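The structures considered in this document are given below.
Below, subunit A partners subunit B and then partners subunit C, in two separate complexes.
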Partner chain A sequence: MNAAVIWILIPLLAGLLTLLFAPERFSAILGGALAVLLALTALIFPIDTALLIGNFSLKISASVQVLGRSFTFGVADGPLLAAIYGISALWFFGTQASGTSNRFVSLGLMIVALLTASIAVEPFLFAALILEIAAMLVIVLLVPPYQKPQRGIIRFIIYQTLAMPLILFSGWILAGVEAGPGNLSMTTQAGTMLGLGFAFLLAIFPLNNWIPLLAEEAPPYAMGFLLWALPTFTLIFALDFFDRYTWLRTSQQFSSAMQIAGVLTMTSAGLFAATQKQLGRLMAYAAIAEAGLVLLAFTVQSTEIVNLIFLLLIPRGLELAVWALGLSILKRESYALKFEELRGVARKYPIAVGAIVIAHLSMLGFPLLAGFPARLALAQELAPHALPILFWVYLSMAGLLIGLARSLTVFVLAPEGAAWKLAEDWVQVVMLGVGAIGLFILGIFPQTLQPFIAQLPTLFKHLGQ
Partner chain B sequence: MLIALSSSIFFVLALTLVGFNFYQPAERYAWLTAIGGGLLGLVSVFLWQAQMNFGFSLPLWGATKVFATPITFSANGLTWPYAVSLATLAIAILLTSATRLNFENILTWAGSLALTGVGLLAVTADNPLTLLLVWGALDLVELIIQLRSVEGPVNHEKVVASFVTRALGSGLLIWANLVSVAAGHPAGFTFMPAGAGLYLVIASSLRMGALPFHLPYPPTSTLKRGFGTSLRLVSAASSLAVLAHLPSASLASTLTPFLLALIIAAALYSGWMWLRAPDELSGRPYWVVCLAALSIVSALSGNPIGSVGWGCALVLLGGSLFLSSIQHPWLNRALLIGAFSASTLPFSLTAGAWLANLSLLFPFVAIAQTLMLTGYIRHALRASGREAPETQPSWTQTMYPFGIGLLIFDQILLGLIGWDGSRQIGAWALAVSVSLLTFGLFWATPRFRIFNPIRAADGLQRVPSHWLSNLQRPFDYLARMINSALEGDGGFMWTLLVLILFISLMAQGGR
Partner chain C sequence: MNDVISWVIVVVILLSSGLILISKDWRYQLGALALQYLAAFWLVTRHQPFVIGSVKLVTGWMVVTVLGMTRLGLDENAQTTSTPENRGFPTALVLVIAFLAFGVAPRIEAAMPGLGLPVITGGLLLIGAGLMQLGLTSNILRVVISLLTLLIGFEIIYAAIENSILVTGLLASVNLGLGLLGAYLLLAGRTSLAIDPEEETE
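Presenting the complex of A and B:
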């Protein structure tokens, strides 16, 4: 058996078959079960290592060639794949509760498969192309059938498409830089191209205006999935760049640019979040702020950089899933998800509102919740060298906190004497409950992530070593 | 491990009561179980004395270097009095609940006991990480309980604002920790560098609930006396306990005098409002703020013993007063022992309060303390609003004084034994002058209209609401403008313009 077949081809085909043949009510269970199976396989069976079960020898080979390109997974990819498909399973199981059509599961499987391919492809620059294909599939996911795409989705695809040539072009220049590292102007050109490419992909300020626009237009659950999936894999791609090019890791100018871009992204997102009156946009700004935070994690001058980045990325999947599911449920009450239509909704949907609040608190780093350990660790790593930077991080968090206060006030502003109800069905209660408990477990016992994180630094030759 | 044992007793007891509530809601043994378990918890806290000073740590969060600080709890001469106060308060709430209409509400007892368990962990938290987690738990619990119990949009808004204020306080605690780490110190209260301690003091002040200044409970709420008292006092004690850990060097800053002035102003204002409050429950937020302010003044003047003394007085005196719902002449007089406990006279609970040099601050602090003491005596002796004992069954007439008596007994006990601030002579001259002033003011209270409590009640209603939204209006406008520019039809061009500016600035910076 081949790793690429298991974690790329099978989910890709499964997604296609689900789209064509699976009945809508079973698609969530089918997609979720397949993702769990793939996660467990990644966790149990080491890649490229023979496993003896009685007389039976089992080995998942690491590499496969397709059209002259290879898709290679190493031993260290196992925990990463387990985390990716584990979190995907949560998203797929949640589709039934969110009322999303089976297109979500099928397209989601295909998107995750493509994104997984982006971390395995060699030469690694081809990842940019695969990310672009995944972005195109996302459009099908976000735009309901027979509906005209709106401004947010068009801007999304423009920005993603602009990123691709910039990254490919920088890769081409970087090959020259490797041959003659003394050429300073070439290095600066490559750095600028690369920075711009990733700025488009990661939606760094001010290239992120499509996110709030799209969050207002698109179904929240699909939007949440997009906010989790694309940036996660783009960041892994960026880590690969960082690992390969020493000058990128050591360039003070590049590090300063990333710090400033991170701070600008975070602070602007926090301040905008404080003024929002639409719940989808609030989630979008929280996700943007987190992207800024991850960018700051890239500037940590420590061997812990990989651990820190994955500590931020893994809980993010759960946070966004819980938040997006809560929003999908509230969307039944108010299609526009605007504050003025949601007054006192906590009395009718207490679990959905509670889950949204918990996910929001987690993304702003509230103690006891999943986002807290990573933020504290990152702040402690940055503090000795960049305390003023942390002030801006705090300002952003304060903005997110005000955003939370405003939405929470709207949720609980019920007229006197309004009765408490439970309008969510049992599937929604279970899914939101499990998600919220998961956020608490990751916040109080972050060591539960250790099996996934411990080996991740070995994915990279230089980073984290 | 004794800390874990004591807090576990309260948690297990709370869970047991929740079980009773679901499976045998009419069972009378629930109350006896709660009392028995609570007493066991209190005894276990007294047992700490056998092992003092001790602590325990939970395993590290991970093998990586980024989680180098374990969750640690420690018991010593400054944390034990808080622990005793909280455990006693829990028992007193259970004993006095027998006299209240909501006697059958098992869940409120479970809540009080669970809060006490969390409170014990908070007062023994030995580093910022540990305290942050416990504060987080308290904040979430308080938010949920308040949102479930209050009615009406204005009250809901105040609950949310109060949660945000406390969260900002937690943020300041993290900031203090980061300042310490940036200076190369290990994460811990005792290692805080100069200036970092000040952030902790501000964090503690924010969390005391001064903003929003008054949080009224609806008259029908079960939170008003028993559980409400537990919620306010446990939360306050958990915020104040941190002050006892701060080394005086960490408070050295040019900002300290300004902060002292602000805190004393808060003490004077809340003391004044407490004196004029129509009843003790309406004045409860002011009591908390006034005692907390006095505790913070002690800490800022480099006297952690004084800070602990005021913190314990907040819980024990406040508890005895707020739980008093029966008109009982002897008990009313016994409550006056509390006045001695807060007088800073020798061998009282607060005798060590003013051991540090207060210099020019002395008159202001003395006035604040006088206002607080006079208010306490006035509310303790107030007859109206309390039920007659004849309306109660005979067994509750026995249990009720025992509950209040325990809180009073603890005040005397802590003045004499068990911690660093016991058997102190203290600043007796200041204490005597405050006592004389208190007698004078108490005499004057019914004789001058300025002390009329009805006007104070009006004042309580004048606390501004919607402050958060008013503050935010200009930012809203600015953000809308930028958003419409970036997201509008010309957004892409604006985006490119900003991007080019950024790149050119970075390129210039690199030259």
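Presenting the complex of A and C:
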């Protein structure tokens, strides 16, 4: 067997078959089960290592050639693949509870397969092209056939498409710089293009105006999936760049630029979050703030950089899944998800509201929740060298907290005498309950992530070594 | 001789980019896009084999066909354009792009010798025209045409520095994907929700 066939081709074909043939009611179970199976395979069977089971020798080969280039997975990719498909399984199982059509599972499988291909392609630079193709599939997920596309989706296409040429050109120039490092002007040009390319992809301030717009227009569950999937793989791609080019790792200018971009992204998102009156936009700003936080993690001058970034990324998948599922349920009560239409909704949807609050608290780094350990570790790394930055980080968190306090006020503002109900069905209660418990487990016992994170630094030759 | 043809192709690119910026009729815009793919075919084959150029041409014309067929199925008033009424402004923009492209191309050729002036000029013209058009419109068809124009410009220059077949395939997929996506977005919101009578009775 080949790793690329298992984790790229199979989900890609499964997604296509689900789209064409799977009945609506079974698609969530089929997609979720396949994702669990792929995650377990990645966890149990080491890549490129022969396993003797009875008389059978089993080996998942690491590489496959496609059109003269290779798609390669290393031994260290196993835990990463397990985490990716494990979190994807949560998203797919949640589709039934969110009321999303089977388009989500089928397109989701194809998107995850493509994104997985982006971490395997050699030379790694070509990942920019695969990310663009995946982004195009995400758009189909975000715009249902019955809904007219609005401004947010158009900006999203434009920004994603502009990123690709910038990254490909900068990669080519950096390869030249690597061969002859004396050319300083070329280095600056390449750095600028690269920075701009990733700013478009990661929605760094001020290139993130499409996210709140889109969060208002698109189904929350699809939006949450977008906010998890694309930035996660883009950040892995960015880590590859960092690992490959010494100049990027050691440049003080580049590090300062990333710190400024991170602070601006975080702070602006926090401040905007404090003034929002629409729940989708609130989730969007929380995700933007976290993107800024990850940028700050990139500037940490420590061997822990890889662990720190993945410690931020892995819980993010669960946080956004719980938050987006809660919003999807509330959307039945108020299609626009606006504050004025959601007064007292906690009495009718207590589990959904509770899950949204827990996910929100986790994303702003509240103790005992999944987001806390990563933020604590980041603060410890940043404090000795860049204490003022922490002020802006906490200011952003304060903004998110104000946003939460305002939404909580709306949730509990029920008319006098309104009775408590449980309008969620049992599938929704189970999914939200499992997700919320998961957030607590990751917060109280962060070492549960250790099997996934321990080997990840070996994915990179220089980072984290 | 080839150089002369290449410069003629650059002029074709300039005219077609101008037509896309100025014209309000989608037929002319798609026609100009098809011309740009033909121009890209010639400029790409300066550095790449004929087959690679053909892939770009065939893909491009498929994209134009998909967009054209989709737009043809919509009513004439659908997707009214947001281009300024005054044609003087877009014309001035085309001239600015042309000056910039012709001015910057020799510098790039000096920094990266071997690409060829017509290739760089043609690529820059298309990238500039695509960017300008993106800044002028929010109309879906025009946005997609602008992105495709920008990508053609990028592909012309990138083909001179990267000869991987995988990249050619992926770029063809991106072009085709943008075309199909454009068609999907043009149709989205225009189809009524089909309700299965069995589901309704449940």
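Quick note on the criterion: the second predicted complex is superposed on the first by the 463 of 465 C-alpha atoms of A that agree within 3 Å, B and C clash if a C-alpha of one lies under 4 Å from a C-alpha of the other, contacts with A are read in each partner's own complex, and residues count from 1 in each chain.
To be clear about the criterion, contacts are C-beta pairs under 8 Å (C-beta built on N, C-alpha and C of every residue); 3 or more make two chains touch, one makes a residue touch a chain.
A quick note: this is a predicted structure, and the numbers were derived from the prediction, not measured.
By the document's definition of touching, neither partner reaches A:339: not subunit B, not subunit C.
Once chain A of one complex is fitted onto chain A of the other, the partner contacts of A:401 are limited to subunit B, with no touch recorded for subunit C. The partner of subunit A that touches more of its residues, comparing subunit B with subunit C, is B. Look at A:91: by the touch rule set out above, it reaches neither subunit B nor subunit C. Look at A:165: by the touch rule set out above, it reaches subunit C but stays clear of subunit B.
By the touch criterion defined above, A:145 reaches subunit C but does not reach subunit B. When both complexes are overlaid on chain A, the residue A:242 reaches neither subunit B nor subunit C. Annotation: subunit A residues 151, 158 touch subunit B in one complex and subunit C in the other. Residues 59-67, 129, 132-133, 135-137, 140, 147, 151-153, 156-157, 159-161, 163-164, 167-168, 170-171, 174-175, 177-179, 181-182, 184, 187, 468-469, 472, 475-476, 479-480, 482-483, 486-487, 491-492, 494-495, 498-499, 502-503, 506-507, 509-510 of subunit B are the ones touching subunit A in the complex.
Chain contact summary for the complex, subunit C toward subunit A: residues 111, 127, 134, 138, 140, 143-144, 147, 150-151, 154, 158, 161-162, 164-167, 169-171, 173-174, 177-178, 181, 184-185, 187-193. Across the complex, subunit C is touched by residues 66-69, 121, 126, 129-130, 132-133, 136, 139-140, 143-149, 151, 153-154, 157-158, 161-162, 164-165, 168-169, 172, 186 of subunit A.
In the complex of the two chains, the subunit A residues touching subunit B come out as 151, 155, 158, 188, 192, 196, 199, 206-207, 209, 212-213, 253, 256-257, 260-261, 264, 271-272, 274-275, 302-304, 307-308, 311, 346, 366-369, 372-373, 376-381, 383-384, 387, 390, 394, 397-398, 401-402, 404-406, 408-409, 412-417, 444-447, 449-450, 453-454.
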